[in-house]
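Beneath this line is the structure, given in structure tokens, with notes to follow.
Going by the order they are written in, the chains are A, B and C; count residues from 1 in each one.
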Amino acid sequence: MKRLEQFWRLADLPREEIVDLLALAARLESVGDPQALAGKILGLLFFNPSLRTLASMQAAMAKLGGTSFVVTPGGSSWKLETGDGVVMDGSASEHVREAIPVLAGYADVLGVRAFASGTDLAADLSDASFRALAGLSPKPVINLESAIDHPCQALADWKTIDELGVARHGKLVLSWANHPKALPLAVPAAVLRMAALRGMELTVLRPEAYALPESLLAEARNLAAGTGGSIRETDERPAALEGAAIVYAKSWASAANYGDAEAERTLRAGLDAWCVEESWFENAPGARFMHCLPVRRNVVVADAVLDSSRSVVVRQAHNRLWAQMAVLHRMLAGVSAGLRQEGATIPMKEKR
Amino acid sequence: MKRLEQFWRLADLPREEIVDLLALAARLESVGDPQALAGKILGLLFFNPSLRTLASMQAAMAKLGGTSFVVTPGGSSWKLETGDGVVMDGSASEHVREAIPVLAGYADVLGVRAFASGTDLAADLSDASFRALAGLSPKPVINLESAIDHPCQALADWKTIDELGVARHGKLVLSWANHPKALPLAVPAAVLRMAALRGMELTVLRPEAYALPESLLAEARNLAAGTGGSIRETDERPAALEGAAIVYAKSWASAANYGDAEAERTLRAGLDAWCVEESWFENAPGARFMHCLPVRRNVVVADAVLDSSRSVVVRQAHNRLWAQMAVLHRMLAGVSAGLRQEGATIPMKEKR
Amino acid sequence: MKRLEQFWRLADLPREEIVDLLALAARLESVGDPQALAGKILGLLFFNPSLRTLASMQAAMAKLGGTSFVVTPGGSSWKLETGDGVVMDGSASEHVREAIPVLAGYADVLGVRAFASGTDLAADLSDASFRALAGLSPKPVINLESAIDHPCQALADWKTIDELGVARHGKLVLSWANHPKALPLAVPAAVLRMAALRGMELTVLRPEAYALPESLLAEARNLAAGTGGSIRETDERPAALEGAAIVYAKSWASAANYGDAEAERTLRAGLDAWCVEESWFENAPGARFMHCLPVRRNVVVADAVLDSSRSVVVRQAHNRLWAQMAVLHRMLAGVSAGLRQEGATIPMKEKR
């Protein structure tokens, strides 16, 4: 099976490779491989908070016999600068151009979390910032949520949907939900791509003002074209939800007001009915409720939904573990000690 | 030997099981068991600061061949909500009803630290909050200090007292001490129960205003009835200390002013003589000084006492390591990989 | 080979032992020793932020089969008091006189980072504070940067200079550089000692106001006397740089204004030309650029220098890993389990 060189985007992998990864995830869940990554080290670089990712990445390495270290710039580590050509006389003590190659040298693989700017939509859509960070690493990089993707979540979600017995072309409704803050587009974009790659009938349900950026929809339609899937957007809730196998809730910022907190607040003033209630499922009684977590109860979704057997949010989170183990395994297992040592020995011209 | 299913309270265990745990702790200290928990993972969830517990729990897992991960809500992880039915439009991004089952799925055992509210005495005495948190975990939970108990500390203290050669019915004086803050009742309650279970003659020495809640004393008297121990309270220092084998100092909040910081300050104004001095030991020259740490020098206890051979506070802290290793061993050692996998695979109806 | 008892100062070791450590570092880099420290635990105590040290110490233990735990006082652990005889009624909950022996009991070796006070030059020059902290540990201590030394950095730098093929008596220019803050003398002092011990021709290039304290220079001259090295100070840049094999940039506080932030600001007002530029290398075209990191781009050194093949700063950082592995190996490898157990079992009179 092909070695995985990077894990920046799920959509960079051919569908067959994803299916293989899911099979590996299932095998690791059922029988394990406790020494597969003995001696291997995962470096975790978190520019933003984390609960699931922090814990599940460390657990994933441990279950494969490897170890991890965690670096939080601005927490117990120096604040890092990312801008090019900056005169660094402010609060940042170090530049990512040093920090990332340095950390990569201590590890066999780096996981990097760097959320969206939330202010520059074009930059966030292009994932320019994550690409710049990941490009600084001479070792493989796993995207732990960037401005516009969250491939570990997408892989775990795919696994969850498979386990639920949802048909390949089953209907997934991605619904916008209310939230006190303007949130990134990373998870909606990841769900869009995942559903398209899996071949699903995807309906994006949202208030008109929360239409997804056209480039995201176009990318998803392009992916769906190869898998028999389909994508449509609507603000008509009952029609959207009818026959859904999955209702995936997530809040995101409006493209029109991107970076304008005041305008966002105004826009959301009348939208608190966008909290998923049990009544939403009238015409989709067997539908499962999904969310990437963290989720705000009784804002994004009602207690009654989350606490019912309809909800599979904890299962999604648990599948992060097995999905990430598969990714790490495919990247590092069987890479010989010799090769590893070579990788760890940095040549003189290590600068980019 | 019986597998330990939970470690919420020491007093939930029969005395013989505690004695067995102490024997196991001694064996792990003298000969070790370095692969006993190979492949096992401890998740550590700290709602409050920690030094000893953070380090000793990780060291305990490492010495048994296992690994750990650490999650600090409000630190590098999301702030968590604990209230039922809350509309989560504030600063907490996630509810413990999701977070705890999620983290449990990445681990074989969870350690949880959640200090007392300090405002609602009845709730703190009932440990309602910890019970609610721990009840959310499908995996065993170790109490790393809750509102009203600290069983790891109690087990380590028992080990320490045994090592000092104190007779089963030896005299332990639990003395209130001054402190700039109103502190929880968790450690005094844990000492009370431990001394009662061990069968000791326990004297609680405190200013009248710091009388322990009657429910705690009643519980301890009940435990002591089965072991030949005894419990009394007094504010007469010389009589209390006479013949003590152990003087265990600890500050705690007054029940009457619970949650009223101003009233507490006033109450303590004249109590700075409640700092343990060498002179306290005039009629108990061989008594050892104990404290759970962290301890404020020259407020709770004078340098001269802490720096003398009378003090065993560092030894108590070191015994945390062996005591916790025994708890982890009794919970997880010999639990087969098959069983573990089964535990780690979350069934569809994972929600409570 | 002799076991290393402590690693407080590189200059405490005879030159031959350092050369042996470097040979061991090279061996660990090329062939590894993945089980050498199986079962051993490193405790890391960080009073100050860290990126490289935090990650590389954990990676070093992992690559030798051991494990680590991290404690950050004032972060997720209690704030610690260091003063003698203090009445602890302020913000610190615990004294290092308890915390350090406690943590040492959970570990086989402690790493401690405690930066300079920046206010008391004499105390910082004597490293009184680090010596007091390290002296509290019954286990070996590794200095992870103290007020006046950074021996892990120095060892890594020596390895880097060797790998660059610099002659034993090659010329190293340690140049002061501009910086928004008054920084400690630890790294300049460490470079001074390292270059002297290696036998190099060392030129300290700095504005007159940044002359290094005479005691540091005297110590280095004394070391150089035994190795054929030499030390001089100057503020004449072109002459200083001519023929340099290495230009090592670092900012530091002026001795005259030590602790006076306002005076420092005034002093630096006209010194922004002390940013290393490519033009500095006119008469040393083959010279390599070194810095311990973190480095502020375009304040300490221009992008053009850092991004050229002249810069070896990332290589220096990577050599931290191998150097520290050698130190840990020399301290702990082959120390039998029996001995380790004995060390970990704290005798009754554990207090100092």
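We take it that a residue touches a chain if its C-beta (ideal position, glycine included) is under 8 Å from a C-beta of that chain, and two chains touch if they have at least 3 such contacts.
Please read these numbers as outputs of a predicted model, since none were measured by experiment.
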Rigid-body rotation angle, chain C and chain B, from Cα fit (steps of 5°): 120
- request: Count the residue numbers both chain A and chain B use at their shared interface, divide by all numbers used there, and answer same if that is over half, different if under half.
  value: different
Query: In whole angstrom, how far does the Cα centroid of chain A sit from the Cα centroid of chain B?
result: 39
Task: Scan chain A for residues touching two or more other chains and write them down.
output: 67, 75
Field: Footprint of chain A on chain C - complex, ascending
entry: 29-32, 34, 46, 49-52, 54-56, 58-59, 62-63, 67, 70, 72, 75, 180, 293-299, 303, 306-309, 311-315, 317-318, 321
Query: What part of chain C is in contact with chain B in the complex they form?
result: 38-39, 41, 43, 67, 69, 71, 73, 75-78, 81, 85-90, 92-95, 97-99, 101-103, 105-107, 337, 341, 344-346, 348-352
